[in-house]
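What follows is a single structure, and I will ask about it in a moment.
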Amino acid sequence: MKWIDELTGGETRLAKAFDRAIYILIVASLLQFALETLPEAEPFMSWFIWSERVIVAIFTVEYVLRTMSGRLTYVLSFYGIIDFLAIMPFYLSLGALDLRSVRILRLMRLLRIAKLQRYGTALKRLRLAFFDIKDELAVYFGLTVILIYLASVGIYYCEHDAQPDAFRSVFHSMWWAVSTLTTVGYGDVFPVTVAGKLLTFVILILGLGIVSVPSGLIASALMKQTKTEEKSAPQKEDQ
Amino acid sequence: MKWIDELTGGETRLAKAFDRAIYILIVASLLQFALETLPEAEPFMSWFIWSERVIVAIFTVEYVLRTMSGRLTYVLSFYGIIDFLAIMPFYLSLGALDLRSVRILRLMRLLRIAKLQRYGTALKRLRLAFFDIKDELAVYFGLTVILIYLASVGIYYCEHDAQPDAFRSVFHSMWWAVSTLTTVGYGDVFPVTVAGKLLTFVILILGLGIVSVPSGLIASALMKQTKTEEKSAPQKEDQ
Amino acid sequence: MKWIDELTGGETRLAKAFDRAIYILIVASLLQFALETLPEAEPFMSWFIWSERVIVAIFTVEYVLRTMSGRLTYVLSFYGIIDFLAIMPFYLSLGALDLRSVRILRLMRLLRIAKLQRYGTALKRLRLAFFDIKDELAVYFGLTVILIYLASVGIYYCEHDAQPDAFRSVFHSMWWAVSTLTTVGYGDVFPVTVAGKLLTFVILILGLGIVSVPSGLIASALMKQTKTEEKSAPQKEDQ
Amino acid sequence: MKWIDELTGGETRLAKAFDRAIYILIVASLLQFALETLPEAEPFMSWFIWSERVIVAIFTVEYVLRTMSGRLTYVLSFYGIIDFLAIMPFYLSLGALDLRSVRILRLMRLLRIAKLQRYGTALKRLRLAFFDIKDELAVYFGLTVILIYLASVGIYYCEHDAQPDAFRSVFHSMWWAVSTLTTVGYGDVFPVTVAGKLLTFVILILGLGIVSVPSGLIASALMKQTKTEEKSAPQKEDQ
């Protein structure tokens, strides 16, 4: 039918309003998911169940309409699968499955935000920039893992005798290594021996140059991306 | 009158001295606002009330002079409205309104600092750079919100049973997510379960690349802005 | 023998599979090293001893094969020495030496990861970028050391009387300086006097501009490196 | 005398060795300054007094030699004044003045490190880069101060009633604002009310984009400086 194609096609004014309504529903659905966890919200649980039913009903109607319009092309497309995953958990919970265990699957609705990329060049630029530096990011990720491993082994040998509980094993020490090298520093574990403090000093001075480089890389790559676009814009033939 | 125009025009030496005096008054006024909150300053409260009256009197005279010079153009301009908002709270508190509740409105005086942009190119450059990357900043802000939401939901499921107080709901968990992803790490809430610690590790490694990119973007955009200015400076016809 | 040359040469399909197997063994060995420190792993210690023997046996066979293929050139090469250091600790511990004290030497096996540089340009780019800014990094390292020294002396004079335990000497204060200037902020030591807090404010505003610059420098240098490669790629004669 | 000129001139081999010896003495002197504060070093105090006398004696001889060689030009030069300030505190403490109060003045010896700039281009580049972005840094410093002020006022109103001790006044709240916006987060003060936590969230998201930009700016400016040098190197006539 023509009105279905127009509604789901995404070009007319009505289609855009329909899209926007769907996004508002997604945000509402995510908000509800968080609200349900509030102990104060216990008495309103029946409301939540009903609003969830309404949201899923609308999503189901949308899914059916899109399937009627796009057929198999839509059902098997990336967005079609996401849309299916967004409503599927609800119907699963109607069956023999316990509602609570599949509740978290409802978060898959968030994936539909990926569709927003049609609306902006910034997200596209971000993806290109990310592709540009994926080698460097992989190397830095590797170096970070090695650094965390070495820091954990080092601090384990320095602090294990002084704090056998906080630094029980190399794996327990990794918690300290992560919270220190990312400079979060909760303060639940920290070295108390002189050797451990010296190691922390060395690890931090060397480590910050490794752990915090990726964000600088992403920023630089994004700026470069913008520059490339500007260059190719007036000439138009290259790129 | 000619002397009023000269005083408020901002080009002559006298006008500049007048402007500078007004800025010193603003800083003094903001300092006084902070001093009033000191418990030790209680006995000097009558002094504060008097100095506030003097400051507002000078601002009122300035406003009247500017209105006489610029007329409706000034009154309806951006700076005219700011100047009005800076003195208005004082006169409101003279009436039936409680002094304490409008006291915070006096901070609007701070907005007058926006006028300083006339004096420097750095602020202008900052605005242009900000305009340049507003799309990227919006995308990163969106990603940050999604990341905080997902981190909060994840940590809620990992830690709720172990620490029902600190991680009471997804909203309570957001406090942890914010303080962790910005690497502040107060240490009032932190995961204690193995699952929660693993999640923190993953969230931090992925998250720092998202949360700390904007400051790198601003820095890069500012440098690009400077470069653009340098390029267009010798040619002079473009930009 | 020809099959040894082919296996260790690194060009044929078999040689690459062999290389990959060695890397998996290294990771397994490092993982085991961490697992051994788990108190829960005590009952499985005999397994660990056996798997360690197997790993070292394979590494020894590899070392012998490579020596047969490359002779003295391999034995005296950088990688030859690393390979030797990776198996040597095990044989040392078989002699009169106590096993525990040389256990940490097994970590030298990690150095073999340096061989991975043959497989990617990202690591090479990283080294070139690092070489590019080594002067700046040295200057920033020097400034960081001076800043930490000054911050420690300053905080010692401000806080020694109020907290004689946490700020016992300038050296003890350095622990605070390191954890503050890297923004880790564990919270085990912090200033409580007004003078100490003001100093922290000044040190942080000035200090962050020094301590966190190196990571920005590395990121910029890496991006520049990529640009240089792109420029020289089409022309091919320069660089 | 010719040998004095050669020794202090800084070009011959002997002069360079002399310079290096002086730097080692400075470092030794700074190290001693820190060691003296160790409670464990109390019994060795007489040694410290003697080594201090020896160091100052050498510095005094150096100062006299340089004065003989350079005369008034040296005495009134920037380095001459620094050299004088480095030895002056010791002689002051010999007089009626209490030794302890001028002890900290000995740190002025550190200023002699400024002389090191003759030896490297990296420090010169750093200064040029700093000069390049001094306007931006000033603007960011201003924005940081305003942000800290506003955050302090905001958190004071949110938290004063809940934690009257930690947030006694706007000035006390500033300690929280500084430790939060620099992401140190000691954990001695943090918001507990919902309003305070929401404010922290907003302040952090906006604030990190302001507080952490300067280090990115310095890094970018340094890279640009390097690029300018490279460009002007082959042509040589410009810059």
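Should a chain be cited, it is by its letter among A, B, C and D, assigned in written order, with residues numbered from 1 in that chain.
Assume a contact is a pair of C-beta atoms (placed from the backbone, for glycine too) under 8 Å apart; a residue touches a chain by one contact, two chains touch by 3 or more.
On a predicted model such as this, the values are computed, not experimentally measured, just so you know.
A.B. asks: Would you indicate which option in A-D, B-D or B-C repeats the interface seen between A-B, with over half of the contact pairs matching by residue number?
C.D. replies: Going through A-D, B-D or B-C one by one, only B-D repeats the A-B interface.
A.B. asks: Could you work out the angle of the rotation that brings the CA atoms of subunit B onto the matching CA atoms of subunit D, rounded to the nearest 5 degrees?
C.D. replies: The C-alpha superposition of subunit B onto subunit D needs 90 degrees.
A.B. asks: With contacts counted as defined, which of the two, C-D or B-C, has more C-beta pairs across the interface?
C.D. replies: C-D
A.B. asks: On a C-alpha centroid basis, what's the spacing between subunit C and subunit D, in Å?
C.D. replies: About 29 Å separates the centre of subunit C from that of subunit D.
A.B. asks: At what distance in angstrom does the C-alpha mean of subunit C lie from that of subunit B?
C.D. replies: Computed value for the inter-centroid distance: 41 Å.
A.B. asks: I need the residues of subunit A touching at least two other chains; which ones are they?
C.D. replies: 183-187, 211-212, 215-216, 219-220
A.B. asks: Per the contact definition, I'd like the list of subunit A residues that touch subunit D in the complex.
C.D. replies: Where subunit A meets subunit D, its residues are 183, 185-187, 216, 219.
A.B. asks: Residue numbers of subunit C touching subunit A in their complex, please.
C.D. replies: Touch list, subunit C to subunit A: 30, 33-34, 37-39, 104, 107, 110, 113, 120-123, 125-126, 137, 141, 144, 174-175, 178-179, 182-188, 211-212, 214-216, 218-220, 222-223, 226-227.
A.B. asks: Applying the document's contact rule, which stretches of subunit A touch subunit C when the two form their complex?
C.D. replies: Residues in contact with subunit C: 132-133, 135-136, 138-139, 146, 149-150, 152-153, 156-157, 160, 168-171, 180, 183-187, 190, 197, 200-201, 204-205, 208-209, 211-213, 215-217, 219-221, 224.
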